[in-house]
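Okay, so chain A shows up in both of these, paired with chain B first and chain C after.
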Partner chain A sequence: MPAYELNGKTYEHDEEGYLLDVNQWNEELAAILAKGENLPLTSEHWEVIGFLREYYNEYQIAPAVRVLTKAIAKKFGPDKGNNKYLYELFPYGPGKQACKIAGLPKPTGCI
Partner chain B sequence: MADFQIPVLSDEPAEFVPELQPGTMAHLRPFVAKPDHNVPLGFPGELVDDWKDKAIGRMGDLLNRYRSLRVYLDSCVKCGSCADKCHYFLGTNDPKNMPVARQDLLRSVYRRYFTTSGKLFGPLVGARDLTQEVLEEWYTYFHQCSQCRRCSVFCPYGIDTAEISMAARDIMDHVGYGMKYCNEIITKVHKIGNNLGLPGPALQDTLDGLEEDVKDGTGHDVKFPMDVKGAEVLLVTPSADFFAEPHVDGLIGYAKVFHQAGVSWTVSSYASEAGNFGMFIGSYEQMFKISNRIRKAALELGVKRIVFGECGHAWRVAYSFLNTYAGPWDFLDPRYPVPQHILEFTNDLIRNGGIRLDKDANSGMVLTVHDSCNVARASRMGNVPGGQFSVPRDVIRACVPKFVDMHPDTIHDKTFCCGGGGGLLTDDLMELRVKGAKPRMEALKQVIEQQGVTHMAAMCAICKSQFTKVLPYYGMKMDMIVSVHGLVSNAIQLGVNKD
Partner chain C sequence: MPGIDEPDYDSGVVKKFMYVNRKAPFGTIYALEVLEMVLISAAFEQDVHLAFVDDGVYQIKKGQDTKGIGMKSFLPTYRALEGYDIEKLYVEKESLEERGLTADDLVVPVEVIDRAAMAELIDSMDVVLSG
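Take a look at the complex of A and B:
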């Protein structure tokens, strides 16, 4: 199984770079994951990543797009609570790219 | 944007036959399923040592089980009618993506082991041994078929490539060589109840949020009920409707229609998926098991009707096979079709005045519609032939100021696949998805330029996700794609005629 290496520790991931164990995630690792996506992380990215982690801990799944936009609007202001803003932050789609950097499993299905 | 060449769109949709580029898609194949995805489905964890004997054995089983498969493998006369009808061929130029060539991948092995002439004369009659190379070719090119059945419309013998493709995938699964995307998803359905892996509490939270949104937006208490016993209707919808855009606008539309019609309804957290990926891998057993989740939920909740949301292959399985797999439905209300499509449900209400729509709510929009392959070529809606074409159009026309159809060779039963059907809606096949969308993109571009079309409505979760993803590759905006019931959601007059 392929793996990321950080500070002498290995972190296994799948074919597309999603972490296999969500509990192994840490912020340093997120930076490596983001680098693989050519995405410099700003405080706005961290806001989204933080919410994804929180939601996953409670529900064992990434939030639906609408749940995410609504929560971001509530927490960080209405100008951030829309799809366009999230796509600007994560051009490959908030659902997949943001999940990957947050260490969540890739959402599957007809999405 | 992409590490492959994006096709250039032609101005003449469906009339351009590409030059052959042999082997141009030989490099592209989906990730192979792992033991975690295979074993729960009863398949070997990985490719078994005696895969060749097992594969031939399984082919024999299928030939005995499905007479149609043998007829399809026997009857091709190489007339060429199908050659330029596949969107993947038109988009990739790879001759192995011609339907006849795809069929021949399996047909050649069938001839070698199951026909007298093939056993005696081998390559002289187009027969070939099953080798590792052939298996790899199967894996590559049977995962470049979306089982959309457009080619079969043009075949004078009615040979159904989809069925051949399904058989090939079933054989590969039985030797431990299935695809990750489909098998991982089916494993999730059995474990959690839907393709997404959305557990009950997350679904409840999502539905509560939608209730709040609609209340904020309209002032009306439109409910999104889950696991409510005694509801009249069980709504079975693709889990993407809970999760993605523009799918969720469709779900909101269904809820508003139920609300306004005064019909109680519920989703089930146990059967929270309409899509049945068992079909994509050609597995009778998986289709059976997934279908029976719906039966179990309907019985437990004591519903009287089953309505399916906007999902193409779900509707094919529901319309064509649900009774065989999970019937009899004698506990449901016999006055209604079992199952019923949400578009039939809404269209009936529009016709009898049960709901009212205001086209001005969608002012400025010029709509066209993408007929989903499985709806168009494998099912029907309403009680007249061709209802699967007229019912969605009637609903759309009732919601928007202007509707136009795309080129006649690309709609109704000649519709092109979106490029992501048949279990290919996965990122590892993005190159195929973008290239396979080319014929639909050409037809869409034509009506945008000539008729001022602003949006394309879709009635399938896969189509919606696929177009949202590939439109930007062709310079078009992802939010051009709307759910049919997203239009209904905008136009429906809540509180009129009641409250």
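Take a look at the complex of A and C:
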């Protein structure tokens, strides 16, 4: 199984780069994953990443992008819960790319 | 899965789908597979219904700890259905009663209907998939 390496520790991931064990995730690893995607993380990115971690803890799945957008709108308001804002933060998709950096599996209902 | 005609998702026609859950959650893969199918199907914006009958009512029973069997519990995921706009959940009254359960024992809000009403509801669907 392919793996990321950080500080002598290995983090196994699937063929698309999603962490196998969501509990292994940490912020340092997220920064490295983001770097691999050429995506400098701002506080706005961290807000979405934190939200995804919370969502996963509560529901045990990675949300489909439509569901994520709606849930973000509910929590942070419509200025952030919309496609334009979220795709500007995560150009490869707030579902797929943000979930990968947040250490979640590929979103359920993502096709 | 029973053989059905491939649904035509591109036609813009909204069909009534029902997923019928009949089995206890963790002994087989059926419950999790149906749940994943439901979450994926939400993207197609169909009129989705879920039914829980027989041992299927155990799928949404509160307070189940899967640590002892070394499996991840997908019980919390049923609570995510609302966010996927899947809110038509039906539980058969007799199935609950036969197992000493009430709607208060379930992790999500449901509509409890009796066996005859369930049969009628299933009959009114365009597509029925059972797991």
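Note that in this section the second predicted complex is superposed on the first by the 107 of 111 C-alpha atoms of A that agree within 3 Å, B and C clash if a C-alpha of one lies under 4 Å from a C-alpha of the other, contacts with A are read in each partner's own complex, and residues count from 1 in each chain.
The working rule: a residue touches a chain if its C-beta (ideal position, glycine included) is under 8 Å from a C-beta of that chain, and two chains touch if they have at least 3 such contacts.
From a predicted model like this one, the values you see are computed outputs, not experimental measurements.
K.L.:
Report the partner of chain A that touches more of its residues: chain B or chain C.
P.N.:
B
K.L.:
Just checking: does A:N83 make contact with chain B only, chain C only, both, or neither of them? Give me first, second, both or neither.
P.N.:
Only chain B; A:N83 stays clear of chain C.
K.L.:
Tell me which partner A:E15 touches in the superposition: chain B (first), chain C (second), both or neither.
P.N.:
In the superposition, A:E15 touches chain B alone.
K.L.:
With the two complexes superposed on chain A, say which partner A:A3 touches: chain B (first), chain C (second), both, or neither.
P.N.:
neither
K.L.:
For A:R66, decide between first (touching chain B), second (touching chain C), both and neither.
P.N.:
Touch partners of A:R66: chain B and chain C.
K.L.:
Examine A:G95 and indicate which partner it touches, taking first as chain B and second as chain C; both and neither are also allowed.
P.N.:
first
K.L.:
After overlaying the two complexes on chain A, where does the chain B footprint on chain A coincide with the chain C footprint?
P.N.:
On chain A, the residues that contact chain B in one structure and chain C in the other are 59-61, 63-64, 66-67, 70, 108-109, 111.
K.L.:
Given the complex with chain C, which residues does chain A contribute to the contact?
P.N.:
58-61, 63-64, 66-67, 70-71, 108-109, 111
K.L.:
Note which residues of chain B are touching chain A in the complex, please.
P.N.:
Listed in rising order, the residues are 31, 180-181, 184-185, 188, 194-199, 201-202, 205-206, 209-210, 213, 238-240, 242-245, 247-248, 275, 311, 425, 427-428, 461-462, 465, 469.
K.L.:
Quick one: which bits of chain A touch chain B in the complex? Just the residue numbers, please.
P.N.:
For chain A paired with chain B, touching residues are 15-16, 59-61, 63-67, 70, 83, 93, 95-96, 107-111.
K.L.:
For chain C, which residues count as touching chain A in their complex?
P.N.:
36, 39-40, 42-43, 72-74, 76-77, 79-80, 83-84
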